[in-house]
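Would you mind keeping the following structure in view while I ask a few things?
By written order: A, B, C and D. Residues from 1 in each chain.
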Amino acid sequence: MNPTAVLINRLHEVAAPGGCELRGVLLPVTFREAFQKLEAEIHAFDPDAVLAFGQAGGRDAIEFERVAINCMDADIPDNSGFQPRDARIDSAGAPAYFSTLPIRELMEAVQAAGLPARISNSAGLYVCNFLMYRLLDATLRTRRQAGFIHVPYSPEQAAKKSPPAPAMAVDSLVQALAIIVETLVRLRSSPRRP
Amino acid sequence: MNPTAVLINRLHEVAAPGGCELRGVLLPVTFREAFQKLEAEIHAFDPDAVLAFGQAGGRDAIEFERVAINCMDADIPDNSGFQPRDARIDSAGAPAYFSTLPIRELMEAVQAAGLPARISNSAGLYVCNFLMYRLLDATLRTRRQAGFIHVPYSPEQAAKKSPPAPAMAVDSLVQALAIIVETLVRLRSSPRRP
Amino acid sequence: MNPTAVLINRLHEVAAPGGCELRGVLLPVTFREAFQKLEAEIHAFDPDAVLAFGQAGGRDAIEFERVAINCMDADIPDNSGFQPRDARIDSAGAPAYFSTLPIRELMEAVQAAGLPARISNSAGLYVCNFLMYRLLDATLRTRRQAGFIHVPYSPEQAAKKSPPAPAMAVDSLVQALAIIVETLVRLRSSPRRP
Amino acid sequence: MNPTAVLINRLHEVAAPGGCELRGVLLPVTFREAFQKLEAEIHAFDPDAVLAFGQAGGRDAIEFERVAINCMDADIPDNSGFQPRDARIDSAGAPAYFSTLPIRELMEAVQAAGLPARISNSAGLYVCNFLMYRLLDATLRTRRQAGFIHVPYSPEQAAKKSPPAPAMAVDSLVQALAIIVETLVRLRSSPRRP
């Protein structure tokens, strides 16, 4: 099981800072539906921030994606069988969007808690990058913060690979999520330094 | 802090199967003293099996070492400043010793619990390989089982590397150690399959 | 010596297809001057296409960069001591530019000649990405094709690394450049397939 | 085509130092026949030194193997369909043999010529390690020097991998072989330094 799905099941373990409410939604891994479902949820819940999570098997740290680019190039078909190659997400859209999360501060907060983290400059060209692009496009002229975070394999997944791959315990992911939420809320409520 | 040191501190969390007793000893990372200290402890405690643990930064799984070779070739000095190059451990000794642990069964038991594990065919040529060689040499004509197990960085260590490196939670190491001990005791007490 | 400098010295070995002229220019690795010098050369020479080359030590193939993003984040200072962090290249500029080279066709032509090649989705955030961004920005409303190509270490460079790193013979780079030029000219002169 | 086969075809390009003769033999990749064929050739040709070459796809340097161990553990069947697991090569044999080539000097000579090279401490547990073990066992009480050298993919092979892999030009391999032969002959004929 993908650890990002487990994160949703364990969302109640994340202490939401005063006055905050957390909601999780599981998205299908298809270009056609992933953002559709997220967008409906955003309209229903009206969140201040949207943290999209996805798995990047083989990576060894929590990776805060810096940028989504206006391109789809899938090495394998998505779960609906769709496989775009060298195609634009939105033929009239911006070439890229930068994450509106404070990725440097979030990365440093996670690292300070003793968990491997880094900033990534490419979210790939599969459903993750697509979702991030659509999400940032939809939140562009809002006050919503949004971005995408890639996570490693869980130990259970990595143990089945041959050869084994880097992994991160799901407990560590839950801990990281709590730190990310806490840091995000703290930075939003504090006046900007001049 | 090296997670193998933490393992010793948390040894009481490992349920020793009936009639078994576990003892941990922390060894210095020097060619001259590492085995000396272990050998004294072996004589004092008279164990049925000796599991030596060491860290191999950058690896992404628990690695059961298959073989120790009669060679020292240190890329950096040990903690006492000694740096042997292309030298024999024992100029009259066997060229290599194979682990006397049931490494395949131990690896499979750890993997079955959802933790990344593999068999490694080289323990390097630093203090880890040296210790494994000396240990196997000393237990050669005894009924003692012995071998060496390499572990990844802890998340705390990996978070400080630039770029980050693969890590394994110390909770997972403690869990793996419990599985290893339980499997080893079970295999020792069961009659060999024909 | 950086193999991209050698490429310039060996440019005469590349057979320019009928009517074509090739010109090479060596650029400094500084954010402030790299594009300045290239721009002057573009104005003087008025080329149909601009192929920028840079080295990406550790990569194992010729990499055709897909996109340059509007960001500088240097892990080390450039050759003039300047080290921008999380900064925009052009605060009012486009978030990204896509290569206007036919990167898929160029990659396939190089691979067909038996040389490792791939498309890369991140040119990093150092001088290479900066140069590619500036170059694409400057050629945006022209008929000039432009893009950036990363190359591995030369064997001489890789041999000095500890541990050694992937390398590509300079002869292979010269061969790849000839294929790239030939393919580019052929595609420009042929009518687009419907 | 495996570049070690090309090496044999281009053996005439290697200048044999005065009085030396070089002979190449292509071996099948099977546990049962690889050494059989080499042994027959050794008896027929009576060489002073035997350099066995094999390919290790994914490696990025010429690797001089330090040791062969008395174990076969094949992840895939050999070309005859035989797939030994965790088995001894010779149940009464030595646990390992060290290369009798001057591997440090050979590595340094290749590096000095600007080609990536290193010493490897594991030749794997497939046909390469098997061949090296048998070869060293057979030359043990002779004056013959023997050892095993692993080479990377050729560019042609690496270009077909997805993603591409590290490669070394066959011209570079031929150059390395000439350096190895020259260095070996020079060291054999010079009196040992005290």
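Quick notes
Simple rule for what comes next: contacts are C-beta pairs under 8 Å (C-beta built on N, C-alpha and C of every residue); 3 or more make two chains touch, one makes a residue touch a chain.
Quick caveat, the model's predicted, so the values are computed rather than measured.
Chains that count as touching both chain A and chain C, per the definition above, do not exist in this structure.
Chain centres were defined as the mean of their Cα atoms; on that basis the chain farthest from chain A turns out to be D. If you average the Cα atoms of chain B and of chain D, the two centres end up 31 Å apart.
Taking each chain's centre as the mean of its C-alpha atoms, chain B lies 48 Å from chain C. Per-chain Cα centroids separate chain C from chain D by 38 Å.
Contacts with at least two other chains are made by no residue of chain A. Viewed as a network of touching protein chains, the structure reduces to one closed ring of chains, two contacts apiece. A list of each chain pair in contact follows: A-B, A-C, B-D, C-D. Residues 60-61, 110-111, 113-118, 154-156, 158-161, 163-169, 171-172 of chain B are the ones that touch chain A when the two sit in their complex. Chain contact summary for the complex, chain C toward chain A: residues 66-67, 69-71, 73, 86, 94-98, 104, 119, 121-122, 124-125.
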